[in-house]
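A quick write-up on the structure given underneath.
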């Protein structure tokens, strides 16, 4: 690689540029310094703190505390909620992606849907919670309308239960996220593949079964995993909706952090956080593996 | 006889049904928000909530927490974007130029927040922020440090795509050989060429900051979402109105941006279709 | 669709069918992609459709394949009207310009795909696929994936895949356009060799006239949705039917001339006219560079502008006193004798040329 010298001077070719490696490393120091303080330190606090007990001595007490019934049920609820909404979001999101992909590229439908989904996917949290309260809450628009035609939505607390209300609310941001993540994969299906399959004698079903299906499968599953992580990590929506108890893990952690805890119990929150990280890390690793395969096939 | 036309028609029909059904699902809460905020006390419609919202003096007087939250979030958005850009653009450019071996490491670190959700991060941030409070005080604006970490994955991806699209090495070398300082290279050569990527990274960051609740709430600071949440307990209508307004603005901005970036790509698509 | 698959040699005996396109029309909005195109391909023949972008050649091929609907006209293969038959029942093999290999399948699986759809049993399928891969010279790459192959290799696999099903017609949509120049020349020879060996009726679309002339039995030059001329390469080159064909195929000089009684007076000489020429008055005559002789002549009527030695031949560009620029192709040994500024005489050979009215 040529040396960067002032114009007019001759260049000696073939000299290595890394004659001052420490100099170059200085350039990335700010980045590493910043992330060390605000990303790595908190991570270490959680990971190490999970194994610290009374008076900051090493202990497995926090981890065993995770086996308490309400913590276990919180984990189970979280996993179930995330899995169900991931599947719902993936299926409907995939259908939506396909529908949008068949439209004109650069047409209005695609623009509007992509923008809308971009916003709704980040929507989450408090805004979403209130939107649903306005829709199916006690004074909700749909609740009142349904009452008029004689259907009573079994009290109005159903919204706050993880099995029913939260599923509905979470799906609301899962489907848009699916579109954002999966649409590029659907658009990556080259028309030549379909046409080649046709000229070789394949029907539409043959094409989906042997070509498009297998090609999209890794993307679909990857997106599904991403949706799972997304729901699993969500805190704000549930925090705004659920006022009593902590049925899911993020709420448990929030509770441990903000309430006054007894001495010796304060690191349980960290153990729960660590538990979350482990689950999420496993899922994300699978996602990364699948993504690599997809990029190769769809040439992106 | 017209076989391809039949297939296109069937696709259009499928498209309309799916988009219609899902669109309805999306639209319902949005419509509900508008409906809720336009309810008059004795039945019928009223724009009271909305006029109150736009009456800044009334907001200041009756809903001070909203004002503080809004100002805090606005400041946070700006500061987060600035810090993010100052941190990422030079680092990513430098790595491409001088330390290509570090690229994987940087990428890993930037994508790490995807695996460490906000709720987990905030647990570890509590002691770190004790120090921040010690040095810088209790203002909500210092949440920006945590927010930069949260936006890292999205900003990194956007900027990485932008930098991949231009030949960073050649541009930087050309500028340096003409005598430019590193600052000039970043500011006058690299940055203008990754404008769209920077805009996208900035927009994603702003969207995230405006929607962030977890860290602000659990570190006991103010921001827009915390304010809306507090307000919701008092006056549901106003808080829903604010939420809806924020959503609408975000949507319009994203929609407008889709024209900016894709212009070039679109013209290429149209040209390639004629043959 | 037949599941009886004999070896490649037998393909020729059973598969040569004729193709006839009659009065095809296709309009996109205001653009007439096909404007009453009529074309016949003899059994076992390779016809190349040649023309600039937008002339309709690809549309014609896709209508034949069934991938596009025609607004009007008929498509007949082997005497059967297949205009209303869907693509997957037309029994045609198609090679696309690029990207058509299924990325999630190996080379072998790609080639076997059509056979798999037809329910051909495993052993027979593998044997046939191997045979096809040997035909295109890629039997060693059978277990590779598309992204591991070069562009040229990918197209050869695409060809093997298309021929594996022993189609009635082979369609090639600019198969070489996305490849490097050197690979292009090699691969076009191979395609022709394979096509002759297998004997399938073939339609080959390209915008590269050298390609078309090199491998086709007949070449159809298209413009604005219709054929300008359909003839064997030599005929097309030596006796172009229109100025467009003369211009598009090979290099041509347009020289001012006057026309009368079947002859054109140009460059101080007289040449016979091709049919279809303008018959009288002022005209432009289209003469090939190799049909011009250049001789040193201090009393000549042209001045050399430049001369180039191109290896196997030489080119001389000269400017006539009348202000016209003429390109002549001459012997590579003689070209070194000409330098810019030399006075020369340029004489056309006595071959027939095409004249068009000077309007």
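Each chain gets a letter, A, B and C, in the order it is written, and its residues are counted from 1.
To be clear about the criterion, a residue touches a chain if its C-beta (ideal position, glycine included) is under 8 Å from a C-beta of that chain, and two chains touch if they have at least 3 such contacts.
Everything quoted here is computed from the prediction, not taken from an experiment.
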| item | value |
| --- | --- |
| Any chain that touches chain B and chain A | C |
| Pair with more cross-chain C-beta pairs in contact, given B-C and A-C | A-C |
| Whole-Å gap between the CA centroids of chain A and chain B | 15 |
| Whole-Å gap separating chain A and chain C, where each centre is the average of the chain's CA atoms | 53 |
| Where chain B touches two or more other chains at once, by residue number | none |
| Contacts with 2+ other chains: residues of chain C | 66-67, 86-87 |
| In the complex, chain A residues that touch chain C | 190, 192-193, 195-203, 206, 210-211, 214-215, 296-299 |
| Touching residues (chain side chain C, partner chain B) in the complex | 53-54, 58, 66-69, 83-84, 86-87 |
| Of all residues in chain C, those that touch chain A in their complex | 1, 65-67, 86-94, 96, 98-104, 113-114, 116-118, 147, 158, 161-162, 165, 171 |
| Touching residues on chain B, where the partner in the complex is chain A | 11-12, 14-15, 18-19, 22, 25-26, 28-33, 35-37, 87-88, 90-91, 94-95, 98-99, 102, 106, 109, 112-128, 145-146, 148-149, 152, 173, 176-179, 207-208, 211-214, 217-218, 225, 228-229, 232, 236, 239-240, 243-244, 246-247, 250-251, 254-255, 257-259, 262, 266, 269 |
| In the complex with chain B, residue positions of chain A that touch it | 2, 4-7, 17-18, 24-25, 27-28, 30-31, 34-35, 37-39, 41-46, 49, 92, 95-96, 98-100, 102-103, 105-106, 109, 111-116, 118-120, 122-128, 130-135, 139-142, 172, 175-176, 229, 232-233, 235-236, 239-240, 250, 253-254, 257-258, 269-270, 273, 276-277, 280-281, 284 |
